[in-house]
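One chain, chain A, appears in both complexes that follow, with chain B as partner in the first and chain C in the second.
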Partner chain A sequence: MPSNEVIGSELVDLCMDETQQRRSRPIRDALTKEECRFLQNSIRTTVRPPSHRAPPSNLGDEGHGKLKADQWRSLLEFDVPVALAQLWSKESQSETVAAEVAERKEKMLTATMYLSIAIELGTSFSTSRKKAEQYTEYMIKYLQLLLHLYPSMALTANQHTALHVGPLLPHFGPAPGWWMFPFERLIGALQKVNHNYQRGQHSFFVDLLIKPTNHLPKASSR
Partner chain B sequence: MCVIYAHIAFEHFVPQHSHNSLPFGRPDTRAQANEVSFDDIFNLDIEIEEHVRAFNTLCDNIVALEEPSTQEALHEHFLYFAGKQAQVFNFATSTKIAARTWECILESLAVVLLRLHQVKYGQRRGEDAIVGGTLTKILIVFFSSNNPLDTEFLSELNKFDPTTLLMSFIPVILHDHGKLSIKWSDNLLKLLRLALVSAWTRGVEGLTFHHQSLVDGLPRNLTTAQKVFFGTGAVTHTRAICPKCETLFDGPEFPARCNSKRFPSSSVCDEPLTETRTYQHKGESLSRSYPILPLEEQDWPSWKARWLQQDGIEEMLEASQKYMAKQHHEDILRDFRDGDAVRNLCGPDGKPFFVSSALRTAWTISGDHFNPYFNKLAGKKASTGCYAMLCISLPPSVRYRPENVFLITALPCDPSVDNIPFTLGPIMRRINDQWKSGVWIKSTPCYPSGRREQSIVANLVTDMPGGSKLCGRAQHNHGKHFCAMCLLLKSNINTIDPSCFPMRSCLQERDAAMRWLQADSQKARDAVFQETGIRWSAFWELEYWDPTSMVVVDTMHNLWLGLAQHHCRLMLGIDWKRHNKFKATVDSEHPTYTGFVNPTTTELDKGRAKLQKAQSETQLHGVKKNVLWVLSYEAGIELTPVKEMTVPTLTRRLWVSTGSL
Partner chain C sequence: MVKTFANASGMKRLLSNSACPAVLRQTLPIINRSWAMDEGLHIEEDHVYPNIVKGYQRLIGDMPGLADALKRYFSSTGQHDHSVPTKVWSTPSVTIGRTKFSPVTVQQKESRIIYLDHQQVPVAGEIQIVFKLGKGSDTYLIGVRRYLPAPLDAANPLTAFPEFGAIVVLSALGDLEIIPATTSIHCSTSLAASWKTNTLIVKNTSRI
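Here is the complex of A and B:
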């Protein structure tokens, strides 16, 4: 009969193993170089409406710098799902690829689609209770599939927090009413205001504060 | 048309053409602005040329100038002309063709100056008013945000002589958009003054008394020049922040040294708050004390009083107050004002907030930190906090206009997590007053005899780290409470069923925060924080504050910069450093998140030699990370993501593993 101690130590070992595994998260489903080129090519050849800001066409290479939130949006709303669907769907995969690999890739494509749908629902310009429920549903599906593909993976804080967005939608209305874009733009404007580099000085803050809001008419106050 | 372009030209906030066409201020503004092509600009130039010619013909006929119809035609031409210039100007600034911009601006100024000269010193004095009026209108087109015939602004400008207006306009615009420094703008003013005086003294009449008084009235430095056009109504208060304990002191008089005490038993901070500076004024040497770390806070009540004077704002606010007082029955939600959040807000009397005879508005607040040094001093620790508010009672089409954004303050420092409640506390208390008693506005467009206005903060919008800091919650890397929205423990992070999340409760959070605040030493506070993951937050100064229903997850940071980026880069491996790097020596099967430049063979050989010869671990110091990485790989050490493998870790592991061989 194993004593309690033994069970305890086994558990500890198990946990240790898990944390060890969590540290290294291999990318087994990474795009190959050819697939990356295909994605780049499809970004380059896509004709999009002017309101859609294109991701850099040399995506994945060096030198395009950090992508803007808007570019990630374009990427996941359109470019990546469309390119992946052409590469990894059941019909398009060549028979030379091992069945196991093909199945895995198709699952990854499904995960990408789930995420794309969830983000679309979460950031839509109009929302409803049903849409909010659908958002949560697809986000759970996405995370489930990720955990199925990488059982040892630990979710990030962001992935967890995304599950809290659903209930906020009926509470606050569509996400554009409470996202950070207007405030980020304000910061962008403030960063461009000319100043004298002396943070301790009065004029620095007056410059930052008053100039952008000085369009208001003069009025009798209280 | 002028209306639309007017507020683009001098707009600091929203670089987009028409707010109405993009209701929520979507981020794709650059693409919209680029729809104006170079061909369009060329055509515009031709159009402008024609208008200038027509204008000149009109002006040449001096007899007809007396007629009101001609005057009107003149004004129209000028407004059109200035509006178009603004369009060209906007296009040029959005795509950074500075030279072309300046040509346009200076061209328009030259035309005005020429007219001014002809009329004033050439033929007839009677046309003074026309030119003055036209000039004022151009300036209005440039400076006034939403209404080119803004009467308040017009009467303000009419107080000045056209010459003064122009002389102030040039340095102000060069400073604002041409990045001309304050010092050089001042010098420019001096030169302009010299040019005027020399031109007049050589004239037929010489430097008359009228000229002399004009010269005396010219602004002497940039600040005075700016006052001609703006900064007329904004009220700011200077506060002092203690550089050491980061407590905020309300003015106008400050103690010489910080007298704040964090705990009853601790000693007084005693850091100098102010410094004395001497300056020369009219030959006298004067001294005054200034806060060492000043904070400028904009006065909200007086800002609101000015803000309500704008055309149509009060009507819109009234309409949405009525709308938000009623329940929303439709299934589809199109705006913040349709949600439950605004309907659950309570007034100081305990009734729904929007049911009142006073004007009641809801706001959303945000705080974020940025580097104020034009990104030139990367890496150096400089951070300015930007705290701003948006009025969500306004319809989305006007909500994001620059004139409707209230910038509370630009925080000159980045207070630590323990200090931030004491820095923002007094500011939040004043915001709370606006909910409790509100502000009595002497006269508004709808109520000339005055009315009361009350404001409530409906939610806090920030990114995750900033939000946790402002709300006094543990950061995402806290060992236990990693989530700002629920109490899930870090060990259970893979739970993905939202119904299993233990939710936070407002009362519990408040209790924990109170415990933190009332603790009598820093140690005790840290202990409370370790246990509950909660600190005191300045937002508790708002009596209606409920962090469980007023704090949001920002979708921009969370979904796009967070999940989308994570999925593309880590799950799909679209990473710009992966393909080109680290392949020659290590097979591509090996997982690596962020690679680096491959070491050359000579570098590797040197590293190997060093490792063989090394007698102690310290002798391995100085070996580059990429060399260490390859050596570790060769030694069969399990390599985790590069981020976690710092140089000391790599060195230690390499030393231990080769030492044991």
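Here is the complex of A and C:
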């Protein structure tokens, strides 16, 4: 055997070829126009508490804008799972749909449900060891199903990080107590402070504290 | 800034929670002393809905079923000797925790709730009236009509996912019943189901 040949390299090449082939066949799972209209109609007719920000009713069309975290959460907590359950469940699919397509859509619905349940458990205002375990269980189920549906997909860093949230819940308590959204809001407020591109002239924090109260004397213009 | 952070992160709610680690809960008295946040049960009496809350008095006879509902409520709480009053002090809303609840005639979005019935089973309903029995009373009661349960044989694609927590009900309402305004009442998000008319999908989305 030549010294520069690596043992098992033919297997690696075979795997790489298979991966390349899978990647060259993109899987199209986008909602159809009718399904998109159904989701939009569901969003429009849903009665939700005032504290819940509704997703844009033209979701899926061009120009619905960037969704806020709260809108993503509303979508995944109620709108998307409920709409998809009505479209893609075994009971809802028409007999004209091919069995393979119907099965795939049902698996996609199951994955969406796993994600929705995991998000609800992970972002709840109360937590327990049981909830933390359930969160991890559903997140793993979701990711496994995702890899089954999209074998060529590489998991992202966020999906990896999501698996670390479960063990942290019993230690730090409910996620809203230590998630970063308050800092995101603060960053948002800081970005709105008018500094006229003259950095270092003023303290943004002083601006933030003075403006709402307005009880401190204004800085002299001299 | 700390106040803003605390408000935004729901720190007091977190620290009040039994699930919060004991070490963190020890800081609650400091936060309580520092500032009083808008927590707990209170009535917002500054809203003006003259047709509903004029003088905050409402004759019981004006609302069909209220007298019977009160009788059942007194009976279930062991107050058999309590006679049904002739009037109650109604209000346009009640805030429990940080969530505002209103009768359907005031604000539909704040009227759909999920609450525990006497068998501790979550049921969906619609608030009809918020009131207290005496002007000086601290206990607020909610008159609610629950959505009738959907027949078991009805096709329901959500039955495969019980952990999702959605309740499927008929949009028809049952008799008026009285429940105390406590933290076991949650706001809900609801949508008419497409697979059958007069059917609603209701889910607790109070984030508790």
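Definition applied: the second predicted complex is superposed on the first by the 180 of 222 C-alpha atoms of A that agree within 3 Å, B and C clash if a C-alpha of one lies under 4 Å from a C-alpha of the other, contacts with A are read in each partner's own complex, and residues count from 1 in each chain.
As a working rule, contacts are C-beta pairs under 8 Å (C-beta built on N, C-alpha and C of every residue); 3 or more make two chains touch, one makes a residue touch a chain.
Everything numeric in this text was worked out from a predicted model, so none of it was measured.
By the touch criterion stated above, A:31 is placed in contact with chain B alone, chain C being left untouched.
Applying the stated contact rule after C-alpha superposition, one finds that A:113 touches chain C and leaves chain B untouched. Once the two complexes are laid over each other on the shared chain, residue contacts for A:128 go to chain B and to chain C alike.
Set against each other, chain B and chain C differ in how many residues of chain A they touch, and the higher count belongs to B. In the overlay built on the shared chain, the residue A:164 is in contact with chain B alone; chain C does not reach it. Of the two partner chains, chain C is the only one that A:78 touches; chain B does not reach it.
In the superposed pair of complexes, A:101 makes contact with neither chain B nor chain C. Applying the stated contact rule after C-alpha superposition, one finds that A:173 touches each of chain B and chain C. Once chain A of one complex is fitted onto chain A of the other, the partner contacts of A:86 are limited to chain C, with no touch recorded for chain B.
In the superposed pair of complexes, A:46 makes contact with chain C only, with no contact to chain B.
Under the contact criterion defined above, the residues of chain A that touch both chain B in one complex and chain C in the other are 50-52, 123, 125-128, 171-174, 176-179, 181-182, 185-186, 205, 208-209.
Residue ranges on chain A touching chain B, taken from their complex, read 23-27, 29-31, 33, 36, 39, 50-53, 59-64, 67-70, 72-73, 75-76, 80, 84, 108, 111-112, 115, 119, 122-123, 125-130, 136, 140, 143-144, 146-147, 154-187, 189-197, 199-206, 208-222. Taken together, the chain C residues at the contact with chain A in this complex read 1, 4-5, 8-11, 13-15, 17-21, 24, 98-100, 107-110, 112, 155-158, 160-161, 163-166, 187-195, 201, 203, 205-208. By the touch rule above, chain A contacts chain C in their complex via residues 38, 42, 45-52, 74, 77-78, 81-82, 85-86, 89-92, 113, 116-117, 120, 123-128, 134, 138, 171-174, 176-179, 181-182, 185-186, 205, 208-209.
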